[in-house]
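A, B, C and D are the chain letters, set down in written order, and residue numbers restart from 1 in every chain.
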Amino acid sequence: MSGNGFGTLFRVTSFGESHGPAIGCVVDGCPPRLPLAEADIQVWLDRRRPGQSRFTTQRREPDRVQILSGVFEGLSTGAPIGLLIVNEDARSKDYSAIKDTFRPGHADFTYQTKYGIRDYRGGGRSSARETAMRVAAGAIARRVLGEGMRIRGALVQVGPHRIERACWDWAEVERNPFWSPDAGAAERWAEFLDDVRKDGSSAGGIVEVVADGVPAGLGAPVFDRLDADLAKALMSIPAVKGVEIGAGFAAAAMSGPEHNDALRMQDGRVTFLSNNAGGVLGGITTGQPLIARLAVKPTSSVLTPQPTVTAQGADAEIATKGRHDPCVAIRAVPVAEAMVALVLADHLLRHRAQCGG
Amino acid sequence: MSGNGFGTLFRVTSFGESHGPAIGCVVDGCPPRLPLAEADIQVWLDRRRPGQSRFTTQRREPDRVQILSGVFEGLSTGAPIGLLIVNEDARSKDYSAIKDTFRPGHADFTYQTKYGIRDYRGGGRSSARETAMRVAAGAIARRVLGEGMRIRGALVQVGPHRIERACWDWAEVERNPFWSPDAGAAERWAEFLDDVRKDGSSAGGIVEVVADGVPAGLGAPVFDRLDADLAKALMSIPAVKGVEIGAGFAAAAMSGPEHNDALRMQDGRVTFLSNNAGGVLGGITTGQPLIARLAVKPTSSVLTPQPTVTAQGADAEIATKGRHDPCVAIRAVPVAEAMVALVLADHLLRHRAQCGG
Amino acid sequence: MSGNGFGTLFRVTSFGESHGPAIGCVVDGCPPRLPLAEADIQVWLDRRRPGQSRFTTQRREPDRVQILSGVFEGLSTGAPIGLLIVNEDARSKDYSAIKDTFRPGHADFTYQTKYGIRDYRGGGRSSARETAMRVAAGAIARRVLGEGMRIRGALVQVGPHRIERACWDWAEVERNPFWSPDAGAAERWAEFLDDVRKDGSSAGGIVEVVADGVPAGLGAPVFDRLDADLAKALMSIPAVKGVEIGAGFAAAAMSGPEHNDALRMQDGRVTFLSNNAGGVLGGITTGQPLIARLAVKPTSSVLTPQPTVTAQGADAEIATKGRHDPCVAIRAVPVAEAMVALVLADHLLRHRAQCGG
Amino acid sequence: MSGNGFGTLFRVTSFGESHGPAIGCVVDGCPPRLPLAEADIQVWLDRRRPGQSRFTTQRREPDRVQILSGVFEGLSTGAPIGLLIVNEDARSKDYSAIKDTFRPGHADFTYQTKYGIRDYRGGGRSSARETAMRVAAGAIARRVLGEGMRIRGALVQVGPHRIERACWDWAEVERNPFWSPDAGAAERWAEFLDDVRKDGSSAGGIVEVVADGVPAGLGAPVFDRLDADLAKALMSIPAVKGVEIGAGFAAAAMSGPEHNDALRMQDGRVTFLSNNAGGVLGGITTGQPLIARLAVKPTSSVLTPQPTVTAQGADAEIATKGRHDPCVAIRAVPVAEAMVALVLADHLLRHRAQCGG
């Protein structure tokens, strides 16, 4: 258990490097008799796939997922589900230059220091390639959650440019290459990122994930709070440097009466008059939409030469070449959605275990 | 495992309610032959203890910790360490009013919905009282980390008022009731919080924790990254709504060349020219100081009456009375330090297991 | 997590040494709203308590359990249940002689070797005293299982003397000091053990535990089979050297047609015509009674002097004095029952999580 | 985590059904820089492979293992190791007859009851086919343990026929198709099993595993004792009904002085004059050889027609046809070795984590 598994009851264990023969995972704990086919997973993988616009890497990964076990005649059996994606576009030759030189912002130095060895080809295990398996496992988690829960992500900031919250339109998210809920912002980002690319630079961004239809009562005090598990899930995505729930960091500047979400009965049901909590109180869902945001740092690989050192202990300069996303926050959107789905599926089963029904 | 345990190898499992007979925890996995006495734990508990200034609750909790096991003749034995604190100042009568009325911002509604029952006295299990055991366990974690690692927290924002980074002085942290590293900010906060208290309101804040002397190589890809485990640890503290590492949310607006920490050889050692990463790359420590910040929401209990509902489904108003912290972020400082210590101790043992020495 | 916790969802974490101030445990994951009082636990502890006949140690342990948390107004709340038993009859002076000499058959040498330190008073953490917390936690597990499941243990062999299976009478178990289901065997054992005691020797035994009313479907392939988890649970009891399920070791000499339990419909339900499986097929319960047996070695502490070595590396002789059970298998009966209850409660919750209702 | 993972730090998670496209596993937690190639794993798989004599099933499974990740330039990298074996000889047509009829002694009824669905082809997930991944993971565990530890298994009983302990010769184990350490017993078993096959029947057996070179100090009180983890590991192997350590069930009939292993200094080292403990005291290794035995029930699939029921609730008869092992205990030998290796590797890392070096 050196960290490649996630979840207590609904648990995914992944493996694979950027330029090895394949990546894959095992999803253990899936309830039986859920309809599941490769197409149900592929549809989500296709959203994450690179090369769909000029704003993501041009690496070609068809990312064709195979279900190797745990599904029989179109239904999950309760046995572990093995998933595999063969690596097809692995150009090892691109990476020989970085064999002995640590790329700033990457995990080259830390992997080498920790393990005394590293698969340097395309970042090896530290490559964001592993996130494909998060998305695949997340697709199964969505099946567990059922139609009633909807998990949607959007990009709300690219570089210093934020969306206008008043312009939020979920339908717009599917219409631009940024998952932007604000059509105007998408246009501004396109322009901004074209400049970024021309400069051989890169940009960061902020992703927001909203889960609707989450029942009240999911989560578990005191360490495995739903928001704590979300924080871990989202911070574990490559390049993420911050996570907030509901009002998040802005809550620090608010007063209690301003921040507290008042309760009122409406149509015989408990409702909240605001959602600064982001759908969680005391680590347990309130029944309101779950709202999480994550900050993604700018892509570490840039064309600009940067000071670094070699494995042999000499100063050096490095300018990473090749196919890279100018803003990895874009492709982080489907990954973040998947991680939220994994957390919710796990806590749904955990709740059912302890509290029934 | 319904969420009251934390850590993989160095693991704390806690129990206890605000107004029950006692709170306690078991620390399992502690290495043997470490010097350990009750006083080594008490010193940290005393920092968290309320009633030390007019800016924290006046509840009197001597919080006298007892070591029940795992220590023999002043040394840890490798057996689990049982810790106990008897609850002494539990005025149950204060809380009968909230038996059937959900306090906004608290976990009353979510506990009741999840479990169909709740110990309403002082918040029961959801009370921040449980954080005393985090601090106690954190004191043992510090022993595991040894003298070479130093974990210090500071309050860097109260309400909308931030410290001046240029005025940062670690020595100042011990000299004011806010753990402020900026003497001027402490004065401004005192004035601000006096007003907040007079208004029957409350304020939030931001805590920063810095760990020095952390060796490179701690952490584990891909889900149990050190920063992911930190995010969970810190988000699990009551009232925390956001966590960030290094540059954090600000990273979203930076360019790659600006954000990447350049490397250079200095005196035969690899060093970084900046620390936007906050001491972690690819989920593994770089050897630089580990830097985390957490946003704490304003205290939910306020004197101002607020709209809410009763367990019986009627609209109501509630104004929580009694002894409360105007700004819980102050007392979150030693708790946040403790959680960072727990994460580091766990990963130190995990690293030793997989990679040796 | 150095081994002092048991269970995945219904999890007990214990602490405490034979001669420390107290022993205790935390039971996490208990479903809410179960009726629970100290008396419900005490009744099972009283069965394990020593000093009830001349065949168990005369050490006086009132073993009065306190519930410190997780129960409110007579019902479990879903929060962790803290249990504590204060050690009252801890005569430390009895044990100074064994400080530097390893008792054969005990864990003195292995603890010293592993940890480089040990609490030698009464065996410290390796004392069977810790089994009191297994019994206490098992009492809560029985509440989770409900009235429909009944877990009963019996002693079926003492030294070389077995019961007559034809004489099995569950009512008899409560009428003799051995938990023997065969009155005749109880008489023979009394005589045999009187001789054993006079000789300053000790005897082993075999315990059988039967769980009735266990529904079909509990358990989980392939590693966490119900019988695998039972094997671990029972082998973890001090002095146990073997575990078998159903026909057990005798199955090795049987033929397939002889061993296989045939199925038949009876009154519209699937039934089995025999139970060589002991209630488990493929790691999952069949709905038949669950049957497990465990072999308990003879008490290691004997009056006869035995060759050993000292911590300083010198040959020595040791004859352990003081109050000891001539046959620890007797007191292993309630402990074995408790461990079966813990395994079943955990798997009941696990089944509910994955498969519902 | 529905049971398809094993181990705390050195952890294997497996997937795959008898007649699905492939079986596989992920080994997480492997130390870095260990030499590892497919051939190192294949050599152990070849020992388990069926069809090597007339005493094992004639199903042809080349069982060619592929390493998909975690190894770079011949060395482990510390990243998870993905292993895959493509199923080549999956004759689905053989199994349509058992689609709706439960085979006695098999897991057909319990899987159907638990999950409401089952992959009936060749037993699906409950097939012993999954044990190939145990052997593969065990091969990696051996690398972790190093040359100094040697884990060897032998068959010591087939049906009612035991070996002569005086004739034990480890070299003989490699010379007969039964892994028998006694050449005479191997001849008797050949004759016996020929009769069993002619009768369309099957036989059980007992396997013994011995681990030499295990250092003192591995294991962890009180629940995760080394012997408890071994018991779980071995009982989780399909068809195993009993596990014993050292003197095992025979210990029940021994006296304390007879069973206790006396200690003596020899050449400046602590030694034991006997090994009734089987190498474990108090759940921690003594430094003596680790000795475990497991009872394997007779193969459930027999040609003799047996009474059973259908999924539709009608009485029926079934005689399983096709290729089956007359005595599955034979092929359990390499599987049992692998499980012992997995337990030892896990506890080696756990010990290093808590106690260092």
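Definition applied: a residue touches a chain if its C-beta (ideal position, glycine included) is under 8 Å from a C-beta of that chain, and two chains touch if they have at least 3 such contacts.
Just so you know, these numbers come straight off a predicted model, no measurement behind them.
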{"item": "Interchain contact steps from chain A to chain D (minimum; 1 if touching)", "value": "1"}
{"item": "Chain at maximum distance from chain C, centres defined as averaged CA atoms", "value": "A"}
{"item": "Gap in Å, rounded to a whole number, between the CA centres of chain C and chain A", "value": "46"}
{"item": "Separation of mean Cα positions, chain C and chain B [Å, integer]", "value": "39"}
{"item": "Centroid distance [mean C-alpha coordinates] between chain D and chain C, Å", "value": "26"}
{"item": "Of all residues in chain C, the ones touching two or more other chains", "value": "1-5, 8-9, 14, 29-30, 32, 78-79, 114-116, 125, 221, 350, 354-355"}
{"item": "Residues of chain A touching chain C in the complex", "value": "8-9, 29-32, 78-79, 221, 349-350, 352-357"}
{"item": "Sites on chain D touched by chain C in the complex", "value": "1-6, 8, 14, 102, 104-107, 109-111, 113-116, 125-126, 130, 157, 159-160, 196, 201-206, 216-225, 227-236, 238, 241-265, 268, 270, 273, 276-278, 280-287, 295-302, 304, 306-309, 313-315, 329, 350-351, 354-355"}
{"item": "Residue ranges of chain D touching chain A (in the complex, touch as defined)", "value": "1-5, 7-9, 11, 13-17, 20-26, 28-30, 32-33, 66, 68-70, 72, 75, 77-82, 84, 114-119, 124-125"}
